[in-house]
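Take a look at the structures listed below.
You will see two complexes here that share chain A, one where it goes with chain B and one where it goes with chain C.
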Partner chain A sequence: MKKQSRLGGRLFIGLTFLFLYLPIFLLIVFSFNAGDSSAVWKGFSLDWYKALFQNRLIMESLYTTLLVSLLATAIATVAGTFAAIGLYSLSRRKRDALLVVNDIPMMNADIVTGVSLCLFFVAFFQGWGAFAQWFNGVQSAIELPTRLTLGFGTMLLAHISFNIPYVILNVAPKLRQMDKNLVDAAQDLGCTWMQAFWKVILPEIKPGIVSGALIAFTMSIDDFVISYFTAGSSTSTLAMRIYSMTKKRITPEVNAVSTLLFLSVLLLLALNSAREARQERRAARQEIREPSFFEKLSMRLSSPAWKWIRRGGLAAMACAFVAVVALLTGAAWSQPVVNVCSWGEYIDEELITQFEAETGIRVNYQTAESNEALYSLLKSGGADYDVIVPSDYMISQLLEEGMLEELDYSRIPNFEKIDPRFRNLPYDPENKYTVPYSWGTLGLIYNASMVEEEPDSWGALYDDQYAGGVLLINNSRDALAAALLHLGYSVNTTDEGEIREAFSLVADASRRGVFQGKVMDQVFQKMEGGNAAIATYYAGDYLSMLDNQADGVDLRYVIPEEGANWFVDAMCVLKDAPHYDSAMKWINFIASTDANLANMYYIGYASPNTEALERYPDYYREREEGEELDPELYEIMAAPPEVLERCEMYTVLPPATRALYNELWIQLGT
Partner chain B sequence: MSKELIRLRDCVMSYGDEVVLDHINLYINDKEFLTLLGPSGCGKTTTLRIIGGFLSPTAGDILFDGVRINDVPPHRRAVNTVFQRYALFPHLNVFENVAFGLRIPKDGPDGRKVKVPEREIHNRVMEMLETVNLKGFEKRPVSALSGGQQQRVAIARALVNRPRVLLLDEPLGALDMRLRKDMQNELKRIQQEMEITFIYVTHDQEEALAMSDTVVVMDGGRIQQIGTPEDIYNEPKNAFVADFIGESNIIDGVMRADGVVEIFNRKFQCLDKGFGRDEPVDVVIRPEDVDIVDEAAGQLRGTVTSVTFKGVHYDTIVDFYGFKWLIQTTDYCPVDSRIGIKIDPDGIHVMRKSQYSGMFGDYSSYSEEYEELDVVEDESGEGEGDDPWEGGYEE
Partner chain C sequence: MRNKRGWFAFPYVIWMALFVVVPIVIMAVYAFTAADPITNATYPTVDNFTGMGVYLNVFLRSFWLAVVATLVCLLIGYPVSYWMAKEGPRFQRLAMALIMLPMWMNFLLRTYSWMSILENNGLLNQLFRTIGVIDLYNRVAPFFVDLRNVFVTYFGGVTTNFVPIDHFQFIGTSGAVVLGMVYNYLPFMILPIYSVIVKLDSSLIEAARDLGADSARVFRKVIFPLSLPGILSGVTMVFVPSVSTFAISSLLGGGKQTMLGDLIELQFLGGAYNPHLGAAISMVMMVIVVVCMVVMNHFGEGEEQAVML
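Up next, the complex of A and B:
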């Protein structure tokens, strides 16, 4: 009986730990997978780690993470230590109350901390803007910057602020243990307070400071939510980068970087607990013992004869720290920069490296999730981008609101190579603000092995025979566009009756259980894995799904008879862009034929560059070592003129219609 | 005696409404062994901390060699302290603890920082360790020492700086009885050898009487009496001092004339003079000054209520008209026996009435009083933590 229960207990513990660690174990295993699948083991390889270190976006964010963590830890450790000492000079009642106050930020939800810090910074920037304008107005000796934005500095401040409580929490017990008379004794023996701090307080509370610093560092490295809200648009930590990389599918590269992150946090924690265990052991046995080699060394070093060496060492360390920080930040500041915001997996990163090498301009490359996310980011005033790559209808909206700057086409000679089909489009009729980046169509993607007959109408989306197998695109514009097209209306209709009719088509199908769910990026995993039969998505993304489809899955793409939406993403420059000149250089570079070819190959979306469109099949053969480009696929990628005829581009909808869209979309529920 | 070194002039220390020191006036002579004696919260540690420079008085001056030093920080005062629980530096060994003060550069006469050469540090530390009998312990971590040894390190650490004044804050409080007696002798010897001023804080009256040149009895933030141990014991100024120093029976009396005091409606001869006619007074009679005689021959008659054997004598509690006296006598008187007592004129000490009158000197709850005295005092020194003295004396 007893034995049995013990066995049960062990089983329970075993299952608990399995539950805790199996996911991480899987992550680590698959980071060594030779293939690019995250479900099928194809043999051991270190390729993903190699790819990781060649991925400049990851390396850049790693550098940002390390820099912010190191700086925040150093500053928070000093501030937290002195704060803790200050707390201990207060009366017990006040101190206990303040220690409780100190606990609150640590218990507080990260999201609340993040949002409130973000609000605080933005409010401060607004106040500062007004002040700087007034100040610059009344005098001309000092020119204050009027426009401050979220960025590395604000993120650093946020990290410092959430790290300080951890330092206080670790230093406070050491101060409590310390005999209060020690400081008096040191002062009595001739020390000033500062000398007493260095000679007596510091050695006593050092273990607390070190563990506080280690925990602060771990917290900093680990943080995602608070960084996300305070880093602004032009800074990314490693965690943020991983998050943006997982938007489409979890690649083994993400596994590799997550593994490294996990291992480094594990290492830090292990280091800390090993230290604590050692101290406890030492405290437990008070007997005299032979000092260890390191203690002998440190005793020698702390003897007065070594003072100069010690001081020199400290000074050298301080200098090295300052130098490293200065180098890292200086390198970032002295160079000309261009801040670019695009979409995830939307550029061949080689191009960034190449551009930097050619021009000496550092590219700060960020990504947004969607046009709407980009829009709200711009509206919040937290962004300091130069170049953005919004879609057609969003460009109209930004232009309406006067948020874009005219381009200097004399400095973009490559604009000449843009096919006339993609110039003077409705969103920018005189073509004064934009240079097209890529274009494509929105169509039906289906799994031929799951549907009986090939669907050629949007009606397939609402067909009961595919009940439970249809993925509804989680974007009101695209979802209603399909319905409007099916009903024979324009995708840009403002007629409430037509829109409501289209909506009830979707809502009815939803009620009948036709849809498996509303998805955006999950569409990749679902379609590639054969878990859904039909979806609405973009042609370029269909091509990348095709590369990753599982065995037995046969994905096809079709532009239904009713026609479809086609879109253009174009490069624009924001009003008051801080680096206009660099932005012109970047746009011209990206508009070049070579860059367009590389991007076409990398992202699977068609280029608007005439030469690139012509040369792409040859380029593909070259890159694929002789393999020919499938002409059918190329037609899907770059729809021929007759297909494009049948397609309609979105225009910006009037506010009342937008509100109607929102209202209906919310009614649909999740 | 020799010349004056430290003077406290009208020193007041208060935290908000709480007055911890109430107009203290005190001078301390060079090479004197002065003890601040009193119960918890009497202000003795606060006084010491003002002298050490850890506290600055709310009002009043502190003079050192005639110079006002209110604003001189501790590290610039020619004073060193032995702290209550030693306050040794745990991360340093015995040698480095003692050498600590010597390693701090001091202001030289020309204003430049002067350092003690390493050789001299070594010699002075070793010499000091020899003085406190800790030779051979230099390399030990202080956590590996016994309480008495730690105490010696603390003393050596303070004295090695050759202070003019050594402040000792209950230095023997944490030691057991035997060790305490040894250390008392040792401290006295060191003080005489080094020829410096000791200011010693304790709540232990025996310790104070045994070691001091001058005893300052404090209570409630005020000085109750200053004098030599003999003065304090023999001529207590009020009921508080009489009770705090040694054992006392304190009885209400009336001064009928010079040399005549009336207790329990009975006139006694005494040596005290200068009181007003029929002035109410407190009369102190030390337990050892009472002779037990036959009931018939006694000046007062009472009933024995308890007897405790103390070795040299019996502690006998006798009830006189409802007031209980402590009498220390070598004669054994059984409980419930009727006895008489005689008191010689020099065994009677008459004091003026004070705020303490009626609070002390009744032995109805004798045993508790002993216990109260044995409680080890814990003055936090913060001032705020100083509980107002709440003794069991009133019972």
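Up next, the complex of A and C:
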């Protein structure tokens, strides 16, 4: 009977391991897939590994992840060990009080730690800004930077803070077990405290230090939430990169990078356990254990001959470390950079490479999910962007709050090519702050093979016959605009009753289960794959969906009879942008006819550049090797004046209305 | 050494004050203030807390899903730890390594791996299609729908028509979110329980047997009570990250299973910028977590002393 229960137990453990490892196994298998799906096997290939090493964004984030984890572990281990020794020299009452504080970061939910640190850093930056301004005002010898932002440094500080408690928790028990008299004995025999530390304390507490460091490293590598709140916008760990990718298309390069990570951890573990097993065998045979690397190091470091080398060596190592860090940051600083924030799938990435080759300026290209998310990022002090590409109404709002810098048009000669139709628009009447990037309409995208008759009204979004097949656009402005239009109101209404009515139209449909989900860029994947029937999205994105639609999917675009929204996205520079000169070069480069043509072809949005609009059909023929541009599709892309007449542009809403939008929007998810 | 190296703790005390205590104080300040939408001036208020009733659903959902995930973790984790502790040292070491291993892959990667399994056109639905589970459902389900309609016509209510499906809906359901939590946090349940059980004094078990208890009784009266501290720490280690998660719910919940974490993220980096409300919700979450822990510790105190003996 005993045997049987043991078998049952093993079976249960086996099943649990299957549960733990099956997803990882599938992840690995699909990294070798020839196709780009993570669900359909199309044959073996190593393409994704090749693509991975060429994908700068993923490789950079991998590097950031490893660097922050290693640095944080190293610093937290040293600091935590000394702190633990210090704690054990304090009276019991003080120690217990401090250990309660030590527990806080471990007990608290990650998101609370992340949020509190984020608020702390932002508050500090504000205080610093005021101080630096005052300081720069009273003296001129040292110029302090007035504008600090979240970034690698703040993320590193956060990681160190949540790692130290784990180190202390692992070192403390070893200190408690240690015989206190050992240190006194060593000192009585003539050791200095430092020597006693190296020869007596360190070997005793070594296992605690090693396990503390290991746990700290694990926590750092595994962390996403705290990094997400403290890293700001231009630094990304691998986890953050994947999180932003899940909002668009995830490429199997992610599978490839996971496989590599998994295999390297597996290798390390295997090596370690092989070493342990060997040591155990040897110990069993000879009763003598080979001193470990750590012990050898500490023995060697404390032998008299090494004494002077040790002192000098430590100093030299510290110097070298500081020098390397200084060099790295110096190198990063000396190369000109421009930080750009745009939308997902909104640029031909070749253009970035081309710009970098031409000017030697490195482009740090980030994306935001929506105008509202971009605004949150800017307000929370997390963004150190130079160039942003918000839409019309958001530009008005940013201008209202004094967040934009005037542009130097003498350095943007390509602005001359912008069509007069797209200059001096209401959001920037004197055109002092913006250079248009693209324009388009918001309409209904539907899958004709899932929808019986062409939906020509926004009402289709709230129609029970498409229950479970409708994708609600995940930003309050566009989602409510569709409802307002359907009810016959202006998209810019400030009447609370009208807005609430529109909201209840959406909320009722949501309650009845009409919506499959709220999506932004996930819409590509859902519509192309035939996973949803109707969505609200932008004309340009419809065109790029057309190129990728799966078999049996027949996507169409329509501007409903109630009219729609038309928009302009324009490049702006943020106030106090750290790289104003590079920003001007970037804007001029993007405004050129060639760049506009490439972007039109790649992203499917119409360009505001007169020449590009005229030349696009020819350009299309050239790129498609003779195939003509479908004039109907070109009309969807660049809507003719009679269509634009039916469309309304968003204007900035007064703060009270914006607050109402926010409030209602959050309620929708609950 | 005593009292000589106490100053070693000094930098640490400063550090913790600066990066743990001060941030929480600042968060509290944010939570008890609000910004005027027009002038941007801040003023003290408790509106952030009083207006939170709107989100009651989110609070309830978060707690419910976290409780379910914690229970599932316990139901899987306890037997695994128990049986693991009975195996030989080699098996134990290997099993421990295998449990820790996935933690070195970031949890977002682990969650992502489930996305491709659970999608409408994902691996699981493909499997079901291939082996005919979906056909089977389409054949069997109409019968139950008809049966229900018969009842409905007698007792009143709305009759429904059967609509054949071509996939099961996994992604975007609360089940998927719970699955993601269990998958990610199961090791946090196994490790503490295992480390308590493996250290149990075997003479206690022998004594119980000598005194005539059968296996079930030994487990109920000796092993289980003595492993309670491990269970309690496992429960907190699973519950706290579950109740506050936002990545799992947004990846596997399809944006429809809003949880507390999503609500907080929305106030800071999402589409509805209001750090004051976000800080207030974070405060409430922190208080609730602390209360849970205090209750748990109180509850487990007697047992812990038993272990100390």
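Heads up, the rule we're going with is that the second predicted complex is superposed on the first by the 440 of 670 C-alpha atoms of A that agree within 3 Å, B and C clash if a C-alpha of one lies under 4 Å from a C-alpha of the other, contacts with A are read in each partner's own complex, and residues count from 1 in each chain.
The rule is short, and it goes like this: a contact is a pair of C-beta atoms (placed from the backbone, for glycine too) under 8 Å apart; a residue touches a chain by one contact, two chains touch by 3 or more.
In this text, all values refer to a predicted model and were calculated from it rather than measured experimentally.
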Contacts of A:Ala185 with chain B and chain C, given as first, second, both or neither: first
Partner chain(s) touched by A:Ala74 [first = chain B, second = chain C, both, neither]: neither
Chain B versus chain C as contact partner of A:Leu99, first or second or both or neither: neither
More chain A residues in contact - chain B or chain C: C
Which superposed partner A:Pro203 touches (first chain B, second chain C, both, neither): first
Chain B versus chain C as contact partner of A:Ala507, first or second or both or neither: neither
Touching partner for A:Leu27 - first (chain B), second (chain C), both, neither: second
Which superposed partner A:Leu57 touches (first chain B, second chain C, both, neither): neither
Intersection of chain A interface sets (partners chain B, chain C): 184
Residue ranges of chain C touching chain A (in the complex, touch as defined): 1-13, 15-16, 19-24, 26-27, 30, 37-38, 54-55, 57-58, 76, 79-80, 82-84, 86-87, 93-95, 97-110, 112-117, 119-123, 126, 169, 172, 183, 186, 236, 240-241, 243-244, 246-247, 251, 254-256, 258, 261-266, 268-275, 278-279, 282, 285-286, 289-290, 293
Partner chain A, residues of chain B touching it in the complex: 52-54, 73-75, 79-81, 83-85, 87-91, 100-101, 103-104, 106, 118, 140-141, 143-144, 157-158, 161, 381, 384
Chain A to chain C touching residues, read off their complex: 6, 9-10, 12-13, 16-17, 19-21, 23-24, 26-27, 30, 38-40, 65, 79-80, 82-83, 85-90, 98, 101-102, 104-105, 107-113, 115-120, 123, 157-158, 161, 164, 180, 183-184, 193, 218, 221-222, 224-225, 228-229, 238-239, 242-243, 246, 250, 254, 258, 261-262, 265-266, 269, 273, 369-370, 372-373, 375-377, 379-380, 382, 468, 474-476, 515-519, 529-531, 655-656, 658-659, 662-663, 665-667, 669-670
Interface residues, chain A side, partner chain B - complex: 91, 179, 181-182, 184-192, 195, 199-200, 203-204, 286-288, 304-305
